[in-house]
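Note that chain A is present in both complexes that follow, paired respectively with chain B and with chain C.
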Partner chain A sequence: MREPTPLSDNRGDASKAPQLAADGDGASQGNIPRRNRLGKIWRSVFLASTVIGIIALTLLMFNITNGSLGYMAVEYEIEPESLVVDGVPVENLPSEALVKILEDNLTRNRFRTLDRQTPMQERTQAELVSLVYDNVIEPKVLMTWPLIDSLLREDEIRQEVSREYPKAELFFKVWFTQDLWTSPQSSNPLLAGVRTAILGSLWIIFITILFALPVGTGAAIYLEEYAHDTWINRTIQTNINNLAGVPSIIYGMLGLAVFVRAMSVITSGALFNIPDATPDNGRTILSAGLTLALLILPVVIINAQEALRAVPNSLREASYGLGATKWQTIWAHVLPNSLAGIMTGAILSISRAFGETAPLVVIGASTYITFDPQNIFSKFTALPIQIYQWTARPQAEFHNLAAAAILVLLILQLSINAIAIILRNRYSRRLV
Partner chain B sequence: MSIAPVQTILNPELQSNGTLAIEARDLNLFYGNFRAVKDVNLSIERQKITAIIGPSGCGKSTMLRSFNRMNELVPSARTEGEVLFHGQNIYAPQVDPVAVRRYIGMVFQKPNPFPKSIYENIAWGAKINGFKGSKAGMDNLVEESLRGAALWDEVHDKLQDSGLSLSGGQQQRLCIARTIAIKPDIILMDEPCSALDPIATLKIEDLMRELSKFYTIIIVTHNMQQAARVSDYTAFFTMDPDRAGYLMEFGETDTIFTNPREKVTEDYITGRFG
Partner chain C sequence: MTTEAEAAAYQARATRQANRDKYALTKKTHLGEAIIRGFLFACAALTILTTIGIVIILLEEAVRFFLTPEVSMREFFTDTVWQPKISRFGILPLLNATIMTTAFAMLVAIPFGMSIAIYLSEYASSRARNIIKPTLEVLAGIPTVVYGYFALTFMTPVLRLIFGSNTVGVYNTASAGIVMGILILPLVATMSEDALSAVPRSLREGAYGLGATKLEVALKIVVPAAISGIAAAVILGISRGIGETMIVALAAGAGPNLTLNPFKGAETITGHIVRITGGDVSYESIDYKSLFALALVLFLFTLGLNVISRRIVRKFREVYE
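Our next item is the complex of A and B:
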């Protein structure tokens, strides 16, 4: 390395001028090339981290897509083609024709039982179609193949099906369909949908937002703007920080003990004379929403505190200097200028709550439920619960359904985020 | 509490009865156990500009902020002694600091307009202090305040623009306009020009001279020339060995700068220390 020369020695002496350009002699460059190399190495490390993240995301999307499309071998008790009347397929037949099919193909007893449950005349055409499917056509999924196999091994699949299941038909099935969104839960994978679960999830998240957002922001305002630096407030702050790291299943147990059991009179709706409420069963949307609200509350508080802390003190001073009270300062300056930050934290927390499964399992979400939730005291299931339940089944076709339901979950989550971000950008002021 | 009537921009004669605007008596200011300002007795003349000068860390800003109880925003701050405003101790238990700040306004070191429109910047202070006028009344107040701060000609056609879209010097004048809009008695200025270029500084100094016809101004400055140019009285603060600031010398600016009583003052203003 070159000895550093005092600047005064260089004056008027060109030969001793500092060497700026590379001249092949590394020594004259000092350690600049080494420092640059180090910088490049770190750059590649950071790039690699980004690439790893992108690869993980791509694999996830690939996995889901792979499961939600593909060939499916189905065997029918009675071929749907044999039921076609004047070229009209079963789905479009009028009610009378459908009732006739049922009468013709079912035993008298079975038909009478169904009629007694709900008279045939009172059933809608869609209900009759599904009745025909369930009882007459009785499609049975024998096997499904993922998308990659379906594309690359099409011939092998066809041969396998004709060899093993000569009576079966082979379809290219798209599991992610409109029917998936609108059909309720069913034990038949061809008819099952996630509508009940979507509604359950939306109801729950509504309760969660309603509770966690005001309470969390309020607590943050108190801790940041009002609380003095005392022993007790520091303890509260430490506990909130620790609670943010507690596993979600613990919150499930808390919810079970407090909302489902101890407060069951309220959470079951018995106190409010809700029909069908059983006072000792608090496994309702209200309990689930409150449990998830408790789960995200610490994170909402911490995020809101960060946002409040980011409001420059000069703004508060300006306000106090004009004779504003503390509340006027908070309301007119601190809150509007921290709203964007508070909302960002809330959006992230709500996304997390939307995909939370463990606490809902603990507080007892119903796994099989076919009717839509009516109010906050309804029994419920939620999308992640539904997905979990489907993946736990042995039949492969339910795994395809689960993959499609994950797509639904992702789409819903992205839409909720998008709406929240649009609202945030629209109603919050920035420091510009 | 009742505080004596406050003059407006329009009736300056209300002030000229020759008494003091504000007076510190045996004032001691603490942060926790640290004494920042020690045993200060200082009388501020009405409708004059009083400059507080002194080396860094001698408690100039702390002293200034004690005049409108702004110190209390620091949780560990503590005050002993009295600050008399129209004969009342503003630190008396029954006095609400909010009322004090409404009569003793403040302009800060860094321009800090609200992230609102220029119009709202001025209107807000009046609104929270119970402005009961019409829309036209508010328009008048905004114009009057902006004219008072020599900013009207530059912003009259863009009152709905953000206050933060202005240049640094304009922002500082907007802060002054915002302060005079609530018609205070005294304006405290904490190094108002330290973030501004010389031209903007000159404008603020001219404005201060103009405002001193109606208001009492107390300014903290690091710039000796500024103190000499703009102020009528100068208070020189310095530190004792345990770092507590105290008032070394107080008098008319001309005297302080040409014929100081103390050797330390002379050393400081001639640039030999500080």
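Our next item is the complex of A and C:
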């Protein structure tokens, strides 16, 4: 809760101040109306800029929502309705029924080839559904329309579809669904989901927090509370400020060379006898998490330093006066009073790391992974990478999918930010 | 049985207490405190290691790149074509695109960001500020890949609508630059606002007392007093623009192109690095090494900017206490 400061009480009186002052100053009296007018004009300019900033945010949100649902024209090789058994849709059929569908609809050779790749009995129900979709139903997304078009030009869209694609069906497709959250990745846009990507991102962020938060806060405490003005401390400070301006992609190069290549024995998990570890390939969650930790470390440090600096010196002096040691003073007075600031800064950096794409692409996050990451030595894909891949594809349906995945990403990030705001409001103490 | 031990412990404690009283005013080194201090120093020193790591790695591969017979340093900085397939490695087209997108971004971010900062710190009621500032922070927290999507699916179509789809390409630097400006805007705004808010109230009161209007207080007292923070914000913004990757990778085009036309596609340094590393590139290939040379240029560029920025900050810094 922010208390109104005495300053805000004075704000309304600001325009009166010049008149008071002008009493004894005839020369400046004439330009007071002009000065006030100028003040008003600029005030509206400042306000307009702020409104434009908010509009930009609104447009961004609108654009994403606009892409994540709308009409879609699809053509099937075989209608999914014709495959319904006893009223159960294809997605929910048991494995045996799905195998039977495959046997009935595929040529014997094709079925045998698939069976030889992985025997049908060993495939999960979800894999079988995706097989049925890819090989039997073969849905082809012909065209998609964004939400606004779908609402405003519904009739035109219907006519266009019946004219150009007589065999196609028109759906109102919601791309942002529960299935999106729970399905693994797929090359078929109608089945693809982001579960593997979400899990990958969460694992990475876990490593990042574990590393960056304690190290960042520690470094900030050293620099603010302990460091004397020696050349080494000055170098460290300058260096941190420089690192904060280093582009994230450079950290990707660092991660690629150090964590992925040089330290691959550790980061691939081969040293720890992790099964399936390939000693020369460190493209794992651990590498990604450490890379992102190094990336946000300078920002975490700078934010924490700001927060520490905001603690008034009188507090420290009082603590020393009572006989506390340096660390006691820091632990019992400086840290509690700056914790809200430190946490806010750290969580915002972590939220930034959550959406960081470039370094992950550079260190070689695999983009086509359909299995969940098992531990920190797993190969992974991350949510922002998934979005990048889908956006970069030319087909419109993947853009819709990207929009829906962006919604997922933003919801997760908002949750992280909400934690920061709650923390700040709860623990912030006003000292001045 | 334990009484002896207890007695000894008591004795030791008493001695310690006596010593403490005796030397109460002299400086003592506590082991625990020293260990904590050492750990904290190690945390801070890790950042130095990071920098050393970056420099060594970039230099090592870049040197290997320049030592390959197909490449010469002169050609790297003067050739106007970047085509690894035919062994033409001229950085100019990539650099040109980087500068163009960043310039567009700053054209958007500086005026709007500054205006928002001044409005929030000097004009807005605390209630309005409590709503607007978190909203802007939300904008700042949105991942760049989302802005990339926005540039490609919103800004580019809008530009094509305004200027005609014959003039504006599907991929173009203007769209990427403008959206990058929106990305940098909250960074500039919130950092500047922080700097403005940190200016002591007494300075404002003093100016009001001398008869200044609100605008004059804002522009002539508060902004100059906070100029170091504002400069830091702007430079950080530029630096962010140069290193920004996902927006340009998605919206600016995938192919080096030396052009001054903002409506044509052109690949930036970062865009090129991310496109090549995103594919499967062998660690021994010249393509791979060339990326480190590019990254080195990028690194030196941003480093230079930061050094300049801190010079400015130091020169104009006002200290209040």
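Assume the second predicted complex is superposed on the first by the 350 of 432 C-alpha atoms of A that agree within 3 Å, B and C clash if a C-alpha of one lies under 4 Å from a C-alpha of the other, contacts with A are read in each partner's own complex, and residues count from 1 in each chain.
Throughout what follows, contacts are C-beta pairs under 8 Å (C-beta built on N, C-alpha and C of every residue); 3 or more make two chains touch, one makes a residue touch a chain.
Keep in mind it's a predicted model, so treat the numbers as computed, not measured.
In the superposed pair of complexes, A:Ala332 makes contact with chain B only, with no contact to chain C. A count of residues in chain A touched by chain B and by chain C gives the higher number to C. In the superposition on chain A, A:Ser351 contacts chain C only, with no contact to chain B. When both complexes are overlaid on chain A, the residue A:Val215 reaches chain C alone and has no touch with chain B. When the two complexes are overlaid on their common chain A, residue A:Trp42 makes contact with chain C while staying clear of chain B. In the superposed model, A:Asp229 makes contact with chain B only, not with chain C.
Judged by the touch definition given at the top, the superposed model places A:Ile421 against chain C, while chain B stays out of reach. In the overlay built on the shared chain, the residue A:Leu322 is in contact with chain B alone; chain C does not reach it.
Of the two partner chains placed by superposition, only chain C is touched by A:Arg261; chain B is not. Touch criterion not met for A:Arg393: it reaches neither chain B nor chain C. In the three-chain superposition model, chain A touches both chain B and chain C at residues 325.
Against chain C, the residues of chain A that register as touching in their complex are 2, 4-8, 10-11, 14-15, 17-18, 20-22, 25, 28, 35-36, 38-39, 42-43, 45-50, 52-54, 56-57, 59-60, 63-64, 67, 214-216, 218-219, 221-223, 226-227, 233, 235-236, 238-254, 256-258, 261, 294, 297-298, 301, 325-327, 348, 351-352, 354-358, 361-362, 364, 367, 384, 387-388, 391-392, 399, 402-403, 406, 409-410, 413-414, 417, 421. Within the complex formed with chain A, the residues of chain C that make contact are 30, 32-33, 36-37, 39-48, 50-51, 53-54, 57-58, 61, 111-112, 115-116, 118-120, 123-126, 130, 132, 134-150, 152-154, 182, 185-186, 189, 201, 204-205, 208-217, 219, 235-236, 239-240, 242-246, 249-250, 270, 273-274, 277-278, 283, 291-292, 295, 298-299, 302-303, 305-307, 309-310. On chain A, the positions that touch chain B within their shared complex are 228-229, 312, 314-325, 328, 332-333, 337, 429-432.
Contacts from chain B toward chain A in the complex involve residues 68, 70, 73, 75, 98-99, 101-103, 105-106, 108, 110, 112-116, 124-125, 128-129, 162, 164, 175, 178-179, 182.
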